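Heads up, there are several structures right after this.
After this come two complexes, each holding chain A, first together with chain B and then together with chain C.
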Partner chain A sequence: MLFKLAFRNILRQRRRTILTTISMAGGYLLSAMSFSMIDGSYSNVIRIFTEDETGHLQIHSKDYADKPRIYKTIDTLNVLNETLHAENHIKSFTPRTFAPALAYAEDNHAPVQVIGIDNELETDTSRLREKLASGQWLTAQPDSEGYFDALIGQGAATSLEIGVGDEIVLISQGADGSVANDLFRVKGTVGTRRSQERLNVYLPLQAAQPFLSLGPNQVHEIAIVLDDISLTDNIAAALTETLGRLVPDLTVSTWPEIQKTFYQSMQADKRSNAVTLGIILFIVFVGVLNTVLMSVLERTREFGMMKALGSRSSLVLTMILLETMLLATASIILGILIAIPVILWLTHSGFSLPDPVDLGGVPFSHMKGEFSARVMLLPAAIIYGYALAVSFLPGLRAARILPVEAMQTH
Partner chain B sequence: MLRFILMVLMSFPLQASESDSALRAVELIDQMEQLYRGETSRASITMRIETPHYDRSLSLKAISLGDESTLIRIYEPRKDRGIATLRIKSEMWNFFPKINKVIKIPPSMMMGSWMGSDFTNDDLVKQTTLTEEYDLNLREEDGQYIIILTPKTDTVTVWGKIEYIIDSTALIPVEQHFFDERGEKIRSLTFSEPRDFSGHRLPSVLEMLPHNKTGHRTLVIYESLELDPPDVAADDFSLRSLKQRF
Partner chain C sequence: MNEPHRQPVIKTEHLCRHFGEGETLVKALDDVTLNIERGEFSALIGPSGSGKSTLLNLIGGLDNPTSGSVELAGRRIDQMSGNELSDFRRDHIGFIFQSYNLIPVLTAAENIEYIMLLQGVPHAERRRRVSDILDRVGLAGLGERLPPALSGGQQQRVAVARAMVSEPDIILADEPTANLDSKSGISLLEVMRELNRDQGMTFVFSTHDQKIMERARRLIHLEDGRIVKDEQRV
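Showing the complex of A and B:
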């Protein structure tokens, strides 16, 4: 009965109802699209980010991630190899060593970061191999003259004025405090002059470990790529437990922990987007509030009559809330009908950016949306919430009305 | 007039004794710095570097000429054999045989560690200029000379204060404490276990203890020390001799 009453009430002023519905449907469409774009572009960026170099999980020795020192090593690569192979949901993993070094070639020198990588496993875990700009990928064996291969970043290549086939001298500090020094042969260059690996020098692990006076089972990092990024937290917890029993003093970190700055700026950006959206929706709903208020004021006499005939205050309030909710439902249905094709288009084609953004050496040129339950339902929930909020005050006012006074108004 | 002469006369001995003590301090420090060098010297040294993360032992041979030239070569461990350091006046070079490269140590690296030890490159170069850059204040206490070195105004020095303690009977160094400009003790060098080297009795063990790095220390142990060997000559100290294989 109440439902019927509310339904009839909104049909009394059709034009007003239609306009309000459209404005709310517009609000829904706007927020659904914006959620879709934000989630979409961020999951794209996260994918690029994690697959580029970081991986979904990383294992380090204790606090290496915060305070990297050459001697803070994982000393049991063999044990970890077995454990990680046995773990489900791990797509690939790769060990790495890091050390700052000074590179020399002829009379030039440049500060570089020496990264020891497994020439086979690295290919499955990061995009480094795709970034090969010239020359060839590393081999694990020294060449006929006894030199190991090195891949150098474009920045180092430029400032040292060397290219494929040239010699590069690296000087660093070994894990035992000795001066690490050796000659390597440039096998290829990676990235561009502006990408983040521009000052990196990659060595095969087999060469980097003796260079830094590390043993064959000593590395600084193991990067892990999972079957799916959503498994990150679960696998991190599982690994922490398994490894805690086998090799103490290891830390398993997830990509938001490793790329803290990136993750936090992403979260901040998401929050600021939410605030902007909230303000826009607020403006939409000030309009809706106006409508509800009007329709309540208009019917003051009616409400007086209802109460005089014995309706309880709660009934009047429920009726007004119901009216707005019906309107909101209609708007959301309309909004979803429009939003589905739009968001599907955003998800499948998206639009290209006029200037591709370089994200860690990987060009990011296409903005795409995301189609998910979150994208569709969260705006609906927001619309309902706002609708309830704006109709509550006028509803309360109508419910509290004194029949005598109400009947006297014209 | 008489009063003036009297005043001059009275002040004179006082001033003289003050500069006497300063002169004595300069003399003492120069003497200490000279102890391990002689006119020429040849030493076999074991350097033990201890840290919480690794221990390392180097076996070195060093020759010196006057207070201007030093050449140090690493013999052990095998991996580092052939690495050498040459110092001429205030310039310093390292030679790495594996990459066949001589690298000059830039002024900015002078306070950097020498081969991962707690001794800085500067320790190998600058020690002898102590008396030029610092004002000295000498006092005698319990059979020890205590010389306080404070930077001369208008000189840029590495340390804010150095306390140099000398055994006044044996005339050998006992301890050196290095302070920063805030008066905080940064590191201490302790001399112990005197032995006879070429007829001189000298502490054979030097221990460098940095106070800001717990668990770190470096021991320099003189296995042998020949003072004034006749076969050390000026042409042993050149970039060419630095690169010589041995």
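Showing the complex of A and C:
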């Protein structure tokens, strides 16, 4: 009966009901779209960020991540290879070595970061190969003259004034403290003069390891890409456990840990977006509050009569809350019907921005949405929450009405 | 032992209801002691402002006395509040107001059902009682109409039927005919009188209409919040 009453009551003022429904549906649509865009852009940023170089997980020797030193190595690449191959959900992984070095060419020299990579695995794990600006990708064998290949960042190429085919001498320190120096042939250049790899020199792992006096199973880092980013924490935990038994003194870090600054600025952005959205919805609901107040005030006599007949206060309150909830439900259904095509479009096509915006340090010019349960349900929960909140006080007021006073109002 | 029908269903003692204070003090009811027995058909009469509504509101538990007591069916209702009082009204008192009696979105039959729904009377029983009472108040066949589709007299009959159907101890009616033309007013009163005679339902109603008060068995005259005359009629 309460349903029947609430339902018929909201049909009483059709025009008002329709307007309220539309404004709440608008609120729903607005929030669903914002959530879609926010989630979409960040998934995109995260994807670009993690697939660029970082990966979703990284394995290092105990405290390498905090204080990188050449001698802090993972010493059991063979064991890790097996373990990682056995783990489901790992799409690819690749080993790397790192060392600061001085690069010499003819008359110039420059400080560089020497990175040893697996020429095949790196291709599956990062976008480095796509950034090849000139020349060719690394090979694992030395050329006819016995020189190994090197790829150099555009910044280093510029300051050393060298290009593809030129020679480069690298001087660094080996893991055992000895001086490392060797000659390499520039096989290609990567990135631009401003990209993050501008001062990197990439060597095939087969050359980097002996250069740094490391054995074939010694590397500094293994970067891992999963087939589903949402599994990051789970797989990290699983790996930490498995590796803890096999090879102690290794740490598994997740991308939010590795890219702390990026992750935190992203979270802050998300929060401020949520606040803005909350304010917009609040304005929508001031309108709804007005409607609820009006409909309660004009029915004062009726509530008084219902109470005089013996309806408990809680019944009157429930009826009013139910009315708003029915309205909210209708609005959400309407909102969902409109939102589905809109959000699908945002997800599949998206739109281009006239000026790129900066999201967590990554410039963005094409925005795409995301379609997920969260995107669709969170706004529904917000609408219900707000609807309950704005109808509660008017409802309480009506429920507490004294029959005599209510029946005297004209 | 007293005969049960001699037991007063309403007992007020030194009932006072004052509004305002000091200069603006209004003694809407001033020391009213009154007994009403089961099966009575009594009218509260008196000029406008004499305290009829105030007295009915106090008896019905819609208002609290300034002092004095109200006993209904042996219970002190002036000491009840909240859900206890709501439930007591639902189960023991039937109300008929001058206007705005019906829930406008419910049909006549649903309005009559309303209190039984609050009481948790089973569906079949509700249906049976509703059609029975609709017949009795002369509204057979009009049960599915919404209040706006009924005349004023018909609406008041629905209110009588609703008050009646849950078998309360007493039905209180504050100027039930005031908004009706005299013909519908008299016929409404005939319906009430019939229910009183056939089923022994106790009615207390207020009026200042001569033709209406003529039909009462007892006339309680109020003036300035006091009972000035109490006459039994035959």
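The working rule: the second predicted complex is superposed on the first by the 397 of 410 C-alpha atoms of A that agree within 3 Å, B and C clash if a C-alpha of one lies under 4 Å from a C-alpha of the other, contacts with A are read in each partner's own complex, and residues count from 1 in each chain.
Methods note: a residue touches a chain if its C-beta (ideal position, glycine included) is under 8 Å from a C-beta of that chain, and two chains touch if they have at least 3 such contacts.
Quick caveat: nothing in here was measured; it's all calculated off a predicted structure.
Following the overlay on chain A, a side-by-side fit with no clash is recorded for the pair chain B and chain C. Contacts of A:Arg193 after superposition on the shared chain: neither chain B nor chain C is touched.
By the document's definition of touching, of the two partners only chain B reaches A:Ile171; chain C does not. Of the two partner chains placed by superposition, only chain C is touched by A:Glu302; chain B is not. Chain centres taken from Cα atoms put the angle at chain A, between chain B and chain C, at 140 degrees to the nearest 10. Touch criterion not met for A:Lys260: it reaches neither chain B nor chain C.
Judged by the touch definition given at the top, the superposed model places A:Pro403 against chain C, while chain B stays out of reach. When the shared chain is aligned, no partner comes close enough to touch A:His348: not chain B, not chain C. When the two structures are aligned on the shared chain, A:Arg374 is found in touch with neither chain B nor chain C. In the superposition on chain A, A:Ser313 makes contact with chain C only, while chain B stays out of contact range.
Number of chain A residues touched is higher for C, counting chain B against chain C. When the two structures are aligned on their common chain, the gap between the nearest CA atoms of chain B and chain C comes to 78 Å. When the two complexes are laid over each other on chain A, chain A has no residue in contact with both chain B and chain C. Residues of chain B that touch chain A in their complex: 49, 51, 53-54, 56, 77, 79-80, 83, 94, 96, 98-99, 101, 103, 115-117. By the touch rule above, chain A contacts chain B in their complex via residues 69, 71, 104, 169, 171, 173-179, 181-183, 213. Looking at the complex, you find that chain C touches chain A at residues 57, 60, 62-63, 82-83, 86-91, 93, 95, 97, 100-101, 103-106, 110, 114-115, 117-118, 162. Residues of chain A touching chain C in their complex: 1, 4-5, 8-9, 11-12, 301-302, 305-315, 402-404, 407.
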